[in-house]
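Both complexes shown next keep subunit A, but they swap its partner, so subunit B is in the first and subunit C is in the second.
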Partner chain A sequence: MDSQWPTSKKGNKGMKRFRFNQQEIVFAVFALLFLVFSIFLNGFLTAENMLTLLQNVAVLGILGLAMAIVVIGRGIDISLIAALAVPPGLVLQMVQNGHSLPFSLLIAVLLTIAFGLVNGWLIAYAEVPSLFATLATGLLLAGLGQAALFQLDVVQWSPGMDGFERLGQGAILGIPTSIVMFAIACLVVAFLLRQTRWGAYIYAIGDNPYAARVTGIPSRPIIVLQYVIAALIGCFAGLVMAASVNSMPTRVFNSTLIYDVILVVVLGGIGLSGGRGGVLNVIIGTLLIGTMLNGMTIMDISYAGQNLIKGMVLLLAVITDSFLNPRNEETAQQGDI
Partner chain B sequence: MKTFGSPARATLAALALATLTGPALAQQGLDEPFQKPFKEALAGKTVAYVPVAMNFDLTEGWYAGLKKELEPYGVKFVIRDANWNTNAGAQAVTSLISEKPAVMVVHNPDVQTYAKLLQRAENEGIYVIQINMGSAYRSSAFVGANWVEIGERQTEAVVKACEGKSNKIAIVQGALSAAASAYTLKGVENVLAKHPEIKVASSQAADWDAAKAKAITQTVLKQNPDLCGIVGFWDGMDIGTAAAVKEAGLTGKVFLATSGGGERKGACELVKSGAFDLNMSYDVPTQAAQMAGTIKWLLSSGAKPGSIKGSEYTTLIPITKENADSQTACWNLSDLKK
Partner chain C sequence: MRDTITSLRYRYWPDHLLGEILSKRWTETAIPVILLLIVGFAFSRSIDNFLSPASLADTARQAGEIGFIGLGLALVVIVGGIDLSVGSIFALTDFCALYLLDVAGWPVPAVVVATLLCGAMLGAVNGLLVGYLRLRAFITTLITLIIYRSAYDLLIQRYSNAIASAFPDIPSWDFIGAGSVFGIPTVALAYIVVAIFGHIFMTRLRPGWHITAIGGSRRSAYNSGIPVRRTIALCYVASGALTSIGALFFASRLGTVGGDIGVGLEVIVLTATVLGGITLGGGKGSVAKSAVGVLIVLLITNGLTTMNARGGVNRMALAGILLVAAMVDIRWQKNRTRIISKVYVAPTYHELPPPPPTEIGQGGPFEQNDKLRNVEAIGLGRIEAPEDVILDRHDNLYAGSRHGDIMRFLAPDYQTMEVFAHIGGQPLGMAFDRDDNLYVCIGGMGLYRIKPDGTVEKATDETNRSMRSVNDDSRLRLADDLDITDDGLIFFSEATVRYEMDEWPIDGLEARGNGRIISYDTKTGATRTELRGLKFPNGICVASDGQSILFAETFGCSIKRYWFAGPKKGAVEVVMDNLPGYPDNINLASDGNYWLALVGMRSPSLDLAWKMPGFRRRMAKRVPVDEWLFPNINTGCVVKFNEQGKIVESFWDLHGENHPMITSMREHRGYLYLGGILNNRIGRYKLDNADPNFVQYDKRWGKQS
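Up next is the complex of A and B:
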């Protein structure tokens, strides 16, 4: 035992000198990639391409915000893509069937809130682990959409929706609308997390749910609130996406988009163990993914090559993190991945 | 001849018979000898349908068309929706082999997965009809689009539109694992080999995903604002490609060719709006009718499954501004379901 003390102390000292957290590492990787692309890639560092880069990951970023709220509260929401696909799909379908746009939007928002409440109730009151609860409810909502709500899984734009496409197309003051939407979502979520009591409660619950409850924080209603907000943000992301591609490909539920969302959140430095991180982390995670995708598209790298590079960069970030911030009993928490 | 002694008497008897039965025949009608066996061959038979997924225009259209043609003859339908899951589809085909339907209509997710299973099915006495996406096994019938031809005709149109322009084109592929995408790409390559002046600025897979197609196209258009044409591989995905072109303010300047099943909202409406310049349609109702015809023919022929094999490649309908308004270029799913 004696001999271990000095080495571990030395190790601690050594670590203090290079004490980067994951957020900074990812930011460094992002900065490096950005620099390399700017120098070696013609047409990367132009204002127009920067806007395209951001525009392409705006929906992913908005979803990342929703996931961040849940993950900070020590949960996870796998059903986010269902909330992205089904309520906005319902809006398009209802308008196609002759309902008015405001009425369709109202129904979709009500459906989203109901969905968030079911998620929250299952997790907060029935105490089903969030992973399983949202896995099941996501399937349920997507199945409901397929079986009962949509005629086809790509719901097409109809003339009744005209005007609404401005939510995802065109530009406001020269900035593409979807980026503006991402910025608005960032501001709203940052305000919620940092400026309101509810936000503080979410951090408290994520950091230590038992302590939070003992302190008198209304844990269960706050957990329900998290999932309702996440579902609403998911629905908002879906509306931006539908407006941006003039249709709602509800099949997106079957895609791997949810992994990208978790990736943005975790890569940005919001630990799955909860209580840490914020909007800035989501922005950084989104920027890294966006830069990689944009650079590789400009280079016209094949699909397989892109996956390989994506995997390698992510692995690099994770390995660097675990070298610089080794896990031990003190820092490891239940549910940490 | 033995009954009637002489030819004269025989003639007399025949004449008498003719006068007796002649008017009677006209009153009773003549029985067509083949319709009864045809009806019997179809009645109560089961047709199993295994699409890669329901809920999209192609598979819904085929199903509605088949039902309309065959149900009146007492044919029963079983549907096994693989819902984009190749394993689920293979399981469905496997369990169907033991359930022994008379016919299986199979929409392959790729060339290999079902190939062995389909061979087994035909050995077990089930006719297999493959639709739009063939497998490595050649079954009783293939009904579907010729993807190589689609790629060729789309690219020819794009090359023509590029004449006198930058000659820079982009290709938005589907999913790399899908044979339809790979075959179409082959068609594209065939044409490009003849036109060395054409430069491919980008050739990327968007996974049949409109959002990805839009992202890729946006980036490509920013890098190559002088792009003169895009070859897209599916209209459901190329809504995104078209949205990127429109946002860049290049509608009409970038020629966008795509392909699809020709459903009105997904094809004609979008050609009319200028989103697509060309949509090669493999006209789903015609494909359904051809499949139904093949099923009728196979069941009534009594041929041993697997003993005869043939293909029915779909005659493509190029949808452009000229015919997008016509009643016949596109079809409505709601009408087909009636």
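Up next is the complex of A and C:
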């Protein structure tokens, strides 16, 4: 014991310093990219573009927070975009059909909670791998929206929604509202993860699910909670998005937005093997991806080309992640695919 | 009256089949097949022309194309991964084929080869990342899905017009897409050929076994020397290549490069794979499962499309099926053993009359005494579990041990103990042949022969498969005791065909006739099942007439005689029944009578429980194994009986100190040697009035030098 103790302690220290470096590297890359874009791209460093960038980044960042919670608990939620698109779309559709806004919001939130519960139940109790379960439930919810809820692919704004657009437009104290929303979401999630017992449980489960269960942590309910919170945050992101563009393009589900979200989380330094990272990582990741996407748009790279580049970057990020945070073979499950 | 009904119900209703069928691996394929039949039937009733030849041919073409992708994905899932990029690979290879044919103007064979290569290359990227760099399969192939898809989008932006405007008129190309042989579409034919090869590959060839092994346990596969990384990588390559075959047929059938080709294909194929019963996480799956899954999913999606369902409905249906199938599969894989072990034990009705008395003062042949009290112990604490003991012509003593050895105690004082032969399984009954070869029944292994110099040879470990049994009963599960006739025919008992050796008490709980008697001809090497349906046949002894054997049915509490030669050949006759205990080994005595060991005594509670099968089944389902009612094997005795089945004498260790547990005994030169499967000693008892020169095999076959 005596001989092992110092070495393991030293190992921990080394790891910590290294992880701190990763954050710094990502931040440095962001700064460099920002600088390069500012110098070489016309129209990048304009007030108008900065506003667009920040607004786009806000939704992505909020989604990143949702994903972060799940990834820290050693899961992944591919169905986030469905939660982003369908419940807010439902709000718009219901208001369009003559229901009151609060009632519509209530129904949407209930739908979101139910969706989160289904996800959580499948993963925690039926023990379906999270990637797989959320892939299918995402399709299920999107299919439901397409088949039963919406009349058109893009759900339009209706007069009954007036006033609600302030969630995504305008500014509070000179800061664009969507950014404020992102900041609020960051604070809430940071509080949840760092200050509450549930947050500590999520880290414990992500670090070693078996040990967590043996310790007496109610891992299954906590896992369900993770997915419910993630779905709620996703719904919130959708509301902000709908408010900022005055409509809900539900086809966003077919886009590659979910990969951007994974990119945010992985690049930000939240290891996919769970138990690591926090809100700060999401912010850094969001800034980097936001800058990258904005720069590519200004450079007029086609949608397919952007996807190609994003895919490559994501692949690099995942490879790097697998080296920096190798999977723990002791706790990796057979079905962990 | 009630007993009669119970007995009839348990005699004719095959309770034991459920557990045996469930433990078969084909039941996991049977469920999707039944589902397929139901789906096919439902749609053929609700949709007109669903089963018309034209519709079927169309379905077959689609099924062939998706089937190829399904085969690839099945391979990857069995090896423990997943490949989501198949949809994009499909699109890219479709483009590749059409570009080479229409724009570059390559000849058809070159196009085919190049397309396959292209698919294999795209798969190789996945293989490299997942196999060698050990990335997570799901996330990695999700990323390659986007990369390949955006590459495809970029390519068709540039070339779609050129491809769309070309109308190649090449017969061989059209034959790939639209031709048929004997009415079967080419693609279906090709699929069948590849599927048959795939089945042989997965079940009969080494690489296929490697793939299943890696999926079952990656670490164990690595430790046993399988090239894990390479095999996984090659599976992804194969997946890419198989997908490109599907794309090739698709390209030749439709010849288009639309923007949505292959979009969402991975979900369809994944649903098919999981629905077919290929376990996510690997290790289990077959070609048949993949084919059945593809057919079900295709019928459902086509049926929904025909019924004009909205796109969302189709999507929901697929996702719903996927989830339910995955859930059922995961729960079943997790609880399979538990469910089977719960339903496997199928007790049956077994009635015995009240046993004859054994208490002192009650009289009768089984009256207890204390003759074995001062039995001498050989090898005390040095030997474990000598089920049977035997002595050779030179008075050396042999006994089996729990560690899979045959131990030898050297005459005359039996103090020196040595390992005579190492076999590896628990030795049970033993017998010498004329040439001093020692034949041994090994639990779980079969019948083995040990030459006088100690070399071990397998005599037999399988017999003919019976047509009506569900369990494969060709392998010997629990060979128990044997004897050798004067003609060199070995009769040996197999106690049960339903349980392993360590589960033998459960067979007693079941009290079904699960055992059999098998013969092995030392001259021809042929093995044949002689008698079936015996209740735990145990000891076997060739009778003095040389035409029949005596055998004990442990849980039948009886001794029976079976004629293998002579005028009554084939007949079975009861010699003794309703014994007060469970008979074990039988051996010859010096005075022409027979020794019989009673391994344990009956108890009123188990006798009663044997008449209540429902009670025992509830017990097996609800109570943990170590609290089940089991036959007692702690106290027993040795009896001597004559040819007519009358007990002559009995030997007990009343105080249970020296030798209470007896499974076998062997008389030799005026002594009786006792073995017991739970003992740490061999007993030696001095017989009064016994022939001091009796050597079993000398007496039967004459003295040899």
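Assume the second predicted complex is superposed on the first by the 256 of 337 C-alpha atoms of A that agree within 3 Å, B and C clash if a C-alpha of one lies under 4 Å from a C-alpha of the other, contacts with A are read in each partner's own complex, and residues count from 1 in each chain.
One rule holds for everything that comes next: contacts are C-beta pairs under 8 Å (C-beta built on N, C-alpha and C of every residue); 3 or more make two chains touch, one makes a residue touch a chain.
Because the structure is predicted, anything quoted here is derived from the model rather than measured.
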{"item": "Superposed model, subunit A: greater residue contact from subunit B or subunit C", "value": "C"}
{"item": "Partner chain(s) touched by A:G311 [first = subunit B, second = subunit C, both, neither]", "value": "second"}
{"item": "Contacts of A:T320 with subunit B and subunit C, given as first, second, both or neither", "value": "neither"}
{"item": "Touching partner for A:N208 - first (subunit B), second (subunit C), both, neither", "value": "neither"}
{"item": "Subunit B versus subunit C as contact partner of A:Q156, first or second or both or neither", "value": "first"}
{"item": "Contacts of A:L139 with subunit B and subunit C, given as first, second, both or neither", "value": "second"}
{"item": "Touched partner set for A:N49, first subunit B, second subunit C, both or neither", "value": "first"}
{"item": "Subunit B versus subunit C as contact partner of A:V245, first or second or both or neither", "value": "first"}
{"item": "Touching both subunit C and subunit B, counted on subunit A across the two superposed complexes", "value": "146, 302-304"}
{"item": "Footprint of subunit A on subunit C - complex, ascending", "value": "80-82, 129, 133-140, 142-144, 146-147, 149-151, 153-154, 157, 217-219, 267, 280-283, 310-320, 322-323, 326-327, 330-331, 334"}
{"item": "Subunit B residues touching subunit A - in the complex, by the definition given at the top", "value": "53, 55-57, 60, 83-84, 176, 201-205, 207, 209-211, 214-216, 218-220, 222-223, 236, 239-240, 242-243, 246-247, 263, 265-266, 269, 275, 333-334"}
{"item": "Touch list for subunit A against partner subunit C, complex", "value": "76, 122, 126-129, 131-133, 135-140, 142-148, 256, 259, 262, 272, 302-308, 310-312, 314-315, 318-319, 322, 327, 329, 333-337"}
{"item": "Parts of subunit A lying in touch with subunit B, wherever the complex brings them together", "value": "43, 46, 48-49, 52-53, 55-56, 59, 146, 150-154, 156, 158, 169-170, 176, 241, 244-247, 249, 251-252, 254-255, 293-294, 297-298, 300, 302-304"}
